[in-house]
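In what follows, structures are represented as structure tokens.
In what follows, chain A forms one complex with chain B and a second complex with chain C.
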Partner chain A sequence: MSLLDVVQTNLEHFHFWTHVNILDDFVIQGYPKESLTKNTAQDTLEFVYPAHISQNLSLSDIEGIFNRIDRLLGVRPKRIVIGVVTDDGSVVYYFAHEGLIKPSKV
Partner chain B sequence: MSKKQSKQYDRPLPINIINLPVVTHNPISWIWCLGSYVKQWFQLKQSVVDIQYCDGIFKVSGSHYMNEVWNSGFIGKGILSRSEPTWLHRTRRRLGLDPLFDESGRLLLTNEETVQIRREERKKFKLKREELEAQENYFKTTGDMTSLQKVTKLKRILIEDNKQLQRKPLRELIMENYSVAGDKKEQTRADSALFIDETHIKDLEYLQLMPVEALFLSFCFGSKVNDFDLFQLFQLCMNRSLEVDNSFILLYMVYHHYKSHGWCVKSGTKFGSDFLLYRRGPPFQHAEFAVLVQPDYKPSDSPSNEWIDISAISRVVGGVNKTLLLTYVTQPTKDAFQQALTMFSESPTPHSLRNLLELYHIDEFIYRRWLPSRNRA
Partner chain C sequence: MNKLPISRNEGLIFDIQTIKNLRLLGIVGYLSGTLPLSTQQNNFLGVPLRLLFEELLYVVVHHSEYYIVPDDVMFQGLYASLTNNDLQQIQFQAKMSQLRTNGKKIPDSAMIYNTEKEPVFHEIKNTSSHLPNVNTWNDHFNQPEVQTKLLFQLLQSRPNLSHSLADYLIFSHLRKNGYFITAGLRFGGKFVAYPGDPLRYHSHLIVKPVYNGEKIELKKLVNGGRLATAVKKVYVIAGLTNKIDVDGVEPQLELDPKEFITSLEASPVKTFSFEWAGFG
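Presenting the complex of A and B:
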């Protein structure tokens, strides 16, 4: 199983995302069961970039992910999710935004 | 904790013992004893677990073997569960294939399902509270004091009710709010792909072992990983860089150290640390300690924890009521390491690995945030 498969399985069968697809062999797109943050609509398409915990992701790597999605779809997402695969089999997720965003009320 | 669960988890390590009944002068008891021996011997043979290594992952598949490993010391993690591999059970119930209650009416809930129900309740409460708070703010600005008092009272009642709700048995909550099994649930595309036939679904879950767990099972209990001998497995875990300060060997030393002192050791990634220590195991209580492995000097292939990192991790760990442990691993000289390694490669036995590991030494410290104004006692 590649990192993409590990994260896709986790999204579909642990977090119950729908319409989960691998895009251009580098990022996963899909709809979460419930919106991930308070201020986003239920039907927001999210992009998940799988990474291994031992991997170093630089700022330019992350910018590269935004650029590639932009080139592929012609739309620049507001944020991406990084799905970090650890060596005990859990996947932990983190948001990456371009620039500053207003923190939401918890 | 029910009796059944205590019995399920009665082995802290994967050691199986044959229990023989009392033998008396009566020959019937001899036959009884022999029968019992043979039966248990066959059961023991079925509990031998093989580990598969593929695509960089150590796996145990099949629910019988997964439970065998997880029940004896909580080793491994179900890839689609929080810890104990329960995905198949949960999914069958979610798809309406299995009932929520057993024949005697007992609720069969997994950890994940309990958490989900409690979280839904909490979310409902938060929404209601937010609504009331918005009203409060509105009346504050308009200066309508009588309405404000009314709303504040409603909010107080809501908070009181919520306290009651948190103590309410899950059984009642489910009966009131959730559809009981038997209902045909709406299926997503991913769900429909699971079905083999009308009543069977594929088991997508396997138990994943951390490399330290795979080596521990193989080294101490003779589990086979593919057809590797112990040295080949060790090389694989070390990522083929057989250096004295390899980060795997430091992690393994710490894992084995706490395991041999009777702690249940799990991954600490979720709290920014290397390991979590449970007094008995995840079904019984929360982890008490989070462990950060510290080399005695900065190794070539491990990121260093500067004091700022340690302080940040300490705040995370403190926030979930755990104590931070800094565990220092003192390394042997390169020569001593090389010598023991050569011996180990020539005879890949547990004994030679033990000689190698015994060259390392472990010290631990508790790290605690200290505030001069609040910690005067």
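Presenting the complex of A and C:
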């Protein structure tokens, strides 16, 4: 199973995301069961970039993900989700925002 | 008082008024003085205030009213780097500004030292303490030419100048965005950034510089992101879009370090903020 498949399966069947599909063979889009942004009820489309824990990313690699989504859809997301895959089957998810942000309210 | 005394290539400030003024500029530093009789007491520290290298550089570059005052070692380095002509020029400037402060009307054109002419002032030494030292030179340090040399010396003292400059540019980027910055080792980063004065706010960012377009291990991102989220912060990786080549620019740096650093600040700093997404 490719990284994309692992993350897609995890999102669909473990976190119950809906309308999950792979975009241009590099990023996964879908709607979370509950909004990931605190204090907002509306559903927002999230983009998940799958990566293996052993990988290294440079700043321009991360910028490249934003650029590619921008080119593909004509909208530049404020943030993306990086789905980090390990060999033991666990997947962890981290937000990557472009620029500096405030910590989200808990 | 706008003096920034240097001790072993580090800013070390004893003057309370200067500390207050720097605080208003968003320069926090850290108090490091303890009691001579109980040096283990390290909860309530007092003067001197130590400045991070980035803080020192920021003040010198952005607030020209502040100037570096070297310690003995640094002064010896400065004195050794001066040519005869430099020396005459420095003495000329000092004498002229002294005359000006004494009320003599001297046109600006006369303030420029002319190397073609014979020196206007001949110094006659009548004391045994005429060997140059920090004290006899106290009036000369605020001259721009002397400051240029001192700043270059400070930059040369850095073990890795390219990293130091990258750190500085990230610091400057944060400062320009209104953040107050302190050292970040406590949270595993280089800097911790506060949205205002650290006495009033909790910090928002743990900042990790990435040098020369290097890659960062995802494991470190997971580490940093998880820790930052647990303490209500954000893990920020920051780096320069353009690579700094320090070797090629040495002459430029020596000629006018302030100008060079200001020109570097024009090139953008790229930042990404990481947080745990709240699931998985």
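In this text, the second predicted complex is superposed on the first by the 103 of 106 C-alpha atoms of A that agree within 3 Å, B and C clash if a C-alpha of one lies under 4 Å from a C-alpha of the other, contacts with A are read in each partner's own complex, and residues count from 1 in each chain.
In the analysis below, a residue touches a chain if its C-beta (ideal position, glycine included) is under 8 Å from a C-beta of that chain, and two chains touch if they have at least 3 such contacts.
Fair warning: this is a prediction, and the values are worked out from it, not measured in the lab.
When the two structures are superposed on chain A, do chain B and chain C clash or fit side by side?
Fit - chain B and chain C, as placed by superposing on chain A, sit side by side.
Decide which partner touches more residues of chain A, taking chain B and chain C as the two options.
Tallying touched residues of chain A, the top partner is C.
For A:28, is the partner it touches chain B (first), chain C (second), both, or none of the two (neither)?
Neither chain B nor chain C is touched by A:28.
Kindly classify A:81 by the partners it touches after superposition: chain B alone (first), chain C alone (second), both, or neither?
After superposing on A, A:81 lies in contact with chain C but is clear of chain B.
May I ask you to decide whether A:2 touches chain B, chain C, both, or neither, giving the answer as first, second, both or neither?
First partner only.
Is A:92 touching the first partner chain B, the second partner chain C, both, or neither of them?
A:92 contacts both chain B and chain C.
A:51 in the overlay: touching chain B, chain C, both, or neither? Say first, second, both or neither.
So A:51 only meets chain C here.
Scan A:16 for contacts with chain B and chain C and give back first, second, both or neither.
Only chain B is touched by A:16; chain C is not.
May I ask for the angle at the C-alpha centre of chain A between those of chain B and chain C, rounded to a multiple of 10 degrees?
In the superposed arrangement it comes to 100 degrees.
Once the structures are superposed on A, label A:69 by its partner contacts, choosing first (chain B), second (chain C), both or neither.
Neither partner.
Taking the superposition as given, tell me the minimum C-alpha spacing from chain B to chain C, whole angstrom.
The answer is 5 Å, the least C-alpha separation in the overlay.
Using the superposition described at the top, list the residues of chain A that contact chain B and also contact chain C.
Comparing the two interfaces on chain A, one with chain B and one with chain C, the shared residues are 10, 14, 53, 90, 92.
Could you please specify the touching residues of chain C with respect to chain A in the complex?
Residues 174, 177, 179, 195, 204-205, 210, 213-219, 221-222, 225, 228-229, 232-234, 236-237, 239, 270-280 of chain C touch chain A in their complex.
Within their complex, state which residues of chain A touch chain C.
10, 14-15, 32, 36, 51-63, 81-84, 90-104, 106
For a test of understanding, state which residues of chain B touch chain A in their complex under the given definition.
Contacts found on chain B: 55, 57, 76-81, 87, 91, 188-190, 204, 208-211, 266-267, 269-270.
How about chain A: which of its residues touch chain B in the complex?
Its residues touching chain B are 1-2, 6, 9-10, 12-14, 16, 18-20, 53, 86-90, 92.
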